[in-house]
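So, here's a batch of structures to check.
Next, two complexes with subunit A in common: one pairs it with subunit B, the other with subunit C.
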Partner chain A sequence: MDSSTASILVEVFFETIGYWYIIVPTILLGLIVGGIPGFSAANTIIILMPLTLALDLQSGLVFMISLYCSARMGAGIPAILVNIPGTAGAAATPLDGYPMAKQGKGQQALAISFVASCIGGLLTTIIALATMPILARVGFYMHSVEMIVVMLFGISLIASIAAQDMVKGLIAGFLGLMIGSIGTDVVYATPRGTFGILELYDGVPLIPALVGLFAVSEAFVIIEKRVIVNHDGEPKTPNWGDTFDGVRIALKRWVHIVWTSIIGLVIGVIPGAGASIASFVAYQQSRSFSKTPELYGTGHPEGLIAPESANNGVTSGTLVPLLVLGIPGGATAAIMLVVMQFHGVSFGPSLFENQPKVGYGMFMAMAVSYVIMFLTILPLSRYMSHVTTIPTIYLAPMIIAFTLVGGFVPREYMFDMYLALAFGVLGYIARRTGYHVAAILIGVILGPLLEKYFLWSLKKSDGDIMVLFSSTLGNILWVAFALSIILPIVFGMRRKRKFEVPAE
Partner chain B sequence: MSMKQTINRRTLLGTGAAAAALTLATPALVRANTFPDRNISVYVPTSEGGGADRNFRAFSSVWKEKLGTDFEPGFYPGASGRVGYEIYMGKAEPDCYNLIFGNMGPEVLNWAMQEPSFDVNDYFYFGQVDKDPCCLFVGAESPLQTMDDIIAAAKTRRLNVGTSRMAHPASIGLLALGDKLGVDFNLIPLQGGKGTVAGAVTGEVDFSVLTSGSVIAAGDSVKTLLVFGDNIVGEALDNAPSINDAYDMDLPEMLSARAFGIHQKAADDFPDRFELLTSTFRETFDDPKLMEAYVAQKGQPEYLQYAGIEECAAFKQSMLELGARYKSLLTGA
Partner chain C sequence: MPSDHHKPPRQIGGELVIPILAVGFTIYFFSTIWNSPWTAQVSAFIVGGILLLVCAIFFVRAGIWLVRGEGTLGVGNLFTMDDIRTGRIGLLVTTIAYVMFIDTLGFTLMTFLFLAASMLILAKGKNAGFITMISAAMALTGWAVFIWAFDTRFPRGWFETTMKAVLANG
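Showing the complex of A and B:
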C-alpha cells in the first residue's frame, strides 16, 4: 500500500466517522428490517430509493452500507430467540442459536452472535481491503464445476444432521431437494412440478419455506408450552453478566470466528453465490473439524459463531467483484450499483484510478459501521432476550402473524402466505415424527443452486459427466470434500477408542 | 312579458335521455379528470438492479412529472420473463393503473418458444423507451481478443457462449453467425444480463452475447467484437463492426427494445386514461431532462428512441416470426 493510498484511507476513515448521525439510526433501521422475515437490506434500499438518490453520494453510500451490515446482523436476532430466520442467509443460525435460547441462554447467544458478526465483518472488511486485487480473482477460478463441490459441502450437512437417524434424515433431505427442484429449469425454462401454479414457476420461494418450516412449525410446538425457555433452563432474569459471558465465550473462540468469516468472504466474492451457501458451508466445516461434533445442534456456541461470522464475511465479499469488476456479487450489491451509477460512479477496474475515495469509502463505511454496531447493539442483548420469557399464548400468534406477513412481503402474493402455512404444517409433522426440518430446508435452499451449476456444467460439456473432474481446482475441492467427510469419522473413531481404553 | 313554456313528449324524452347520459357519463368524466389519483404500478419481469431497472427509473423520473403521479415498480423475474407477464396478465387489474415494462426482444421471442397462458394479443406495447442492438463481447482478460481468435478457436472446439436466456435475439444472432461461419456454438443461458457479463469476465464461458446497452454499462471489464445490428455508438462498443458488414450477411437487426405495455382491455375500457398515458409518454421524450436522467443511468443517448403503438406492434410481430423460425434450435427440440 503506497503513501497516497494510506492517506486516502485515513482521510476517508475520519470522513466516515463524521457520518455517525446517519450510521446510528440506519443501524437501528437495519436491525428492524433484518429481523422482520421477508424484509432485507435489498428491498429496504429499493423502498427508500427516492431518499437514497436524493442524498449526496457519500451519505447515500454510508446509508446503504450501514443498512446492509446491520440487516445481516439483525436477521440473526429472531433466528436465535424465536427460531425465525429473517433471510436465507440466517437459515443456519437457529440450528444452535435457538437451542441456546430454549436453555435460557438467549442473552448469551445474542452476545455471541453480535461479537461473531462484528468481528467477522470487520476482519473480512480489512482483509478484503488489503487483498482486493487477489480476492477479485477468485471468481475467475470458481466456475460452475467448482461451485458444485462447494454446494456439496453445504448439502453434506444433511448427512451430519441425519447421523442420529440416518433413514429419517436422508428422507427429509431428499424431500427438501425434491421441493427445491420445483419451478422452471435453468436451461430451457420448462416448468416442472408446478402443477400449473404460476407462483411456483420461479421455484419455491425461499422466505415462505424458511419461515414456514422453522417459525410457523415452532409456533405450533411452543403453544404446547408456557414459555419458550425449557422448564429446566437456567434462570431467566437478564443481567449484564450473561452478555459479558457471551462476549467471553465468543472471544475465546476467535480462531473459529476468523476461520469461518474467511469462508464467508471467499464465497461472497463469487458472483451469484450468497450468504445462505456461506453459512451452511461454514457450519458444515465447523462441525466437521470440531472436537465435539455431537454437541452441534444442541446449543453449541461454535455452531452459532460459524454461520454468523460467515454471513457477515459475505457482506464484505460481495463488494469486491462490484468494485473491482463492476459485477455485483448479490442482490443488495446490484441495487447499490444502480444507486451509485445514478451518482455517476463507474465501477470496474478504473474505479480506484478515477474515484478512489468512493471505492475505499465503501469498505471504510463498512468497517466503521461494524465498530459502531458493536458498541450500540451489544448492550441491547440484555433487553432483547426478554422475548423468550413472553408467555407462548401471546408469542405464538405473534410469531405466526409476523411470519405470514414476512412470507407475503417479498413477492406480495397471497399464495406465499398459504405456502408458509403449508410448510408450517409440514414442519410440525416433521418435528413430531422425528424428521429434522433443517435437513428439508437445506435441500430447499441449496438444491436449486446445485442443480443450476450442475446443468450449466453438463450443458458446457455436452452432457459429459466427467466434466465434474475436469478442473484442477475442482479436483482439489473434491479431495477436500472427501477429507471433510472422512476425517471426522476417523477422528470420531479415534476419540471413541481413546475413551474406551481407560475403561478396559 | 311572460313566456309560457310547454314541455312536449319529445322534449321530455330528449331532455331525460340527455340527463341520463350525463348522469351515467359523470363518473367516467370525473374518473377521467382525476386519473391518475394514485400511483401507477409497473410490473418489471426481470430482477432489480438490471438494465430494465435502470431504464425504468430514468424514464419514470421524468414521466411522473408529466402524469402527475409516481410509478411503483414491482420486480417479477423468473422463467425468462414469463412469470412477470403471467402475473401481470393474470392478476393485475386492467384499469390503466397497471403497466408492464418489458423488453420486446427476448420476452416476445419467449412466446414463440412456449405459449403463455394468455392470448398474446391481450396486451400490447404503447411506448418504446429505447432500442439497442445485441452484440458479441469477450472479457477484458479473455485469450480470445478478436473475431479471428474466436473463429480459429471455434474450428478446433465447440465454444461455450453465455447468453441471458436461450430465447433471446442475441442467441439468434449468434446462431446465424455460426451458420455463416460453418461452426457450432454452444449457448449457455446464464440467467440475466449480470450473469452473462460475469460469465464472460470470469471465464465461465468463452464469450457472451447480450444487448449492447448492458455491455456498455459493464465498462472496461469487457470488449465488444461484433454488433448484431448497426453500431451507432462507435467507441462505446469498441468500434465493433456490424455482423452484416463484417461477414457479408443480410441478417435483420437483432434488437432489444424496452417498452411499456398495457392490457388491451384497459385501453378499450378507459380510452381517456389511455390517451393521457400515451400523450404524457410522448411529451416525456420532448423534455431534455429525460436525456440527462437516461445518460446518468449509463444509457447511451443514441439508444433513447421513441416508438409508438404501430412501431411496437410491428416489432412484436417480427419477434414472433423470428422465434417461430429458430424455435427448434433454441428449445433443444
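Showing the complex of A and C:
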C-alpha cells in the first residue's frame, strides 16, 4: 500500500466518522428491519430509494452500507431471544443462541453475538481491503462443480443435527431437500411437485418457510410456559455484569471469530452464494473441529459465534466483486450498484483509479459502522434481553401477527401467508414429535442451490457424473470436505479413548 | 438408579405423521416428473429415494417398538386436552382467521382483532382492558411504521383507506 493510498484511507476514515448522524439512526433502523422476517437491507433500500437517491453520493453510500451491516446483525437478535431468525442468513444462530436465552443467558448471548458480528465484520473489512485483487478472482475459480462441494459443506450440518436420532434427523433433512425441489427445474423449466399452484413455480419462497418453521411453530409451543426463560434458568435481573461476561466469553474465543469470519468473507466473495450458506458452513466447520462438539445445540458460545461472525464476514465479501469487477455478490450489493450508478459511479477496475475515495469509502463506511454499532448496540443488550421475560400470552400472538405478515412482504402474494401457516403446522408437528426444524430449513435453503449447480455441471458435461471430480480446485475441496467429515470422527474416538484410560 | 419399568410407552402415532407425509409427498413428486426430461428427475430421484429409504427404516423401527410393547399408536405427543386448556386450539383458529380475512379487512384492523382475540383466549378473558389497549397500540404502530412511513404494500382495508384520505386532506 503506497503513501497516497494510506493518506486517502485516513482521510476517508475521518470523513466517514463525520457522518455519525446518519450512521446512528440507520443502525437502529437496520436492527428493526433485520429483525423482522421478510424485511431486509435489500428491500429497505428499495423502499427508501427516493431518499437514497436524493442524498449526495457520500451520504447515500454511508446510509446503505450502515443499513446493510446493521440489518445483518439485527437478524440475529430475534433468533437468539425468541428462536426466530430475521433472515435466512441468521438461520443457524438460534441453534445455540436460543438455548442460551432459555437458560436465562439471553443478555450474554446477545453480547457474544454483537462482539462476534462486529469483530468479524471489522476484521473481514480490513482483510478485504488488503487483499481485494486476490479475493476478486475467487469468483472466477468457483464454478458449478466447486459450488456443489461448498453446498455439501453446509448440508452436512444435517448429519450433525441428526446426531441424537440419526433416522429422524435424516428424514427431516431430506424432507427439506424434497420441499426445496418444488418448482421448475433450472434447465427445461419443467414444473415439479407444485400441486398445480402457480405461486410455487418459482420454488418454495424462503421467508414463508422460515417464518412458519421457526416463528409460527415456536409461538404455538411457547404458550405452554409463562415466559420463554426456563423455570430452572438463572433468576434474571438484567445487569451490566452479564453484558461484560458475554464480551469476555467472545473475546476469549477470538481465534474462533477470526477463522469463521474468514469463511464468511470467502463465501461472500462468490457471486450467488450468501449469508445462509456461510453461516451453515461456518457452524458445521466450527462443530467439526471443536474439542466439545457434544455441547453444540445446547447453548454453546462457539455455536453462536460461528454463524454470527460468518454472516457478517459475508457483508464485506459481497463488496469485493462489486467494486473490483462490477459484479454484485448479493441482492443488497446489486441494489447498491443501481444507486451508485445513478450517481455516476462506474464500478470495475478503473474505480480505484478514477474515484478512489468512493471505492475505499465503501469499506471505510463499513468499518466505521461496525465500530459505532459496537458502541451503540452493546449497551442495548441489557434491555433487549427483557423480551425473554414478556409473558407468552402477549408475546405469542405478536410473533404470529408480525412474522406472518412478514412472509407476505418479499413477493406480496397472499398465498405466501397461507404457505407460512402450512409450514407453521409442519414445524409444530416436527417440534412436538422430535424432528429438528433446522434440518428441514437447511434442506429448503440449500437443496435448490445444490440441485442448480449439480444440473449445470451435468449439462456442461453431457451427463458425465465424473465432471464432479474434473477440476483441481474442486478436487482439493472434495478432499477438504472428506477430511471435515472424517477428522472429527477420528478426534472424537481419540478423545473417547483418552477419557476411558483413567477409568481403567 | 431409576428404573425404566414404569416409563410410559412411546407415542409412535405422532412420530409417524412426518414420515407418512414425507412418503406421500415423495410419491406425488415422483408422479409429477415421471415423463419429464432427466434434468427434472435426477436430483429428485436421488433425494426422494434416500428419503423413502430412511422412512422405511423408521417404519420398521416403529413396528419393532409396537411388537415389543415399547410404543403405542397414540398421538398424545401431538394433541392433548391441554391444547384446549392452554388456548392452543383457540390460537390456531384465530391465526387461520387472521390469514383468511387480512386481505379483506386490511392489516391494521385485522392485526388489532387478531391480537385482542388471541391474547384474550390465552389469558382466559382476564385483563381485557389492558389487552385491548396493547393490541390497539401494536396495530397502530405497525400501521405507522409499515404503511404510513415505509409505504409497504401490506394488505389494505377500510382503516388504511380512511387514514390515507385523512392524511391527504391535512
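A few remarks follow.
FYI, the second predicted complex is superposed on the first by the 504 of 504 C-alpha atoms of A that agree within 3 Å, B and C clash if a C-alpha of one lies under 4 Å from a C-alpha of the other, contacts with A are read in each partner's own complex, and residues count from 1 in each chain.
The definition used in the following text is that a contact is a pair of C-beta atoms (placed from the backbone, for glycine too) under 8 Å apart; a residue touches a chain by one contact, two chains touch by 3 or more.
All of these numbers come straight from a predicted model, not from anything done at the bench.
The superposed arrangement places subunit B and subunit C next to each other on subunit A without a clash. In the superposed model, A:Ile393 lies in contact with subunit C only, and not with subunit B.
The larger set of touched subunit A residues comes from C, when the choice is between subunit B and subunit C. Residue contacts after overlaying the shared chain place A:Glu412 against subunit B and subunit C alike. In the superposition on chain A, no contact is made by A:Lys496 with either subunit B or subunit C. Of the two partner chains, neither subunit B nor subunit C is touched by A:Lys252. Residue contacts after overlaying the shared chain place A:Ile223 against subunit C, while subunit B stays out of touching range. In the superposed model, A:Leu170 makes contact with subunit C only, not with subunit B. Taking the two complexes aligned on chain A, the least Cα distance separating subunit B from subunit C is 8 Å. Comparing the two interfaces of subunit A, the one with subunit B and the one with subunit C have residues 186-188, 190-191, 412, 459 in common.
Within the complex formed with subunit C, the residues of subunit A that make contact are 32, 44, 47-48, 167-168, 170-172, 174-175, 177-179, 181-182, 185-188, 190-195, 216, 219-220, 223-224, 392-394, 396-398, 400-402, 404-405, 408-409, 412, 414, 417-418, 421, 424, 426, 429-430, 432-435, 447, 450-451, 454-455, 458-459, 463. Listing the residues of subunit A that touch subunit B in their complex gives 42, 46, 49, 139-140, 143-144, 183-184, 186-191, 198, 201-203, 271-272, 321, 325-328, 331, 334-335, 337-338, 341-342, 344, 346-350, 411-412, 452, 456, 459-460, 462. By the touch criterion given at the top, residues 47-50, 53-54, 57, 74, 76-80, 82-83, 86-87, 90, 110, 113-114, 117, 140-141, 158, 160, 165-167, 186, 188-191, 194-195, 197-198, 201-205, 217-221, 296-298, 331-332 of subunit B touch subunit A in their complex. Interface residues of subunit C, counted against subunit A in their complex, comprise 14-15, 17-19, 21-22, 25-26, 28-29, 32-33, 36-40, 42-44, 47-48, 50-51, 54-55, 57-58, 61, 77-78, 82, 86-88, 91-92, 94-96, 98-99, 102-103, 107, 111, 114-115, 118-119, 122-123, 131, 134, 138, 142, 145, 150-155.
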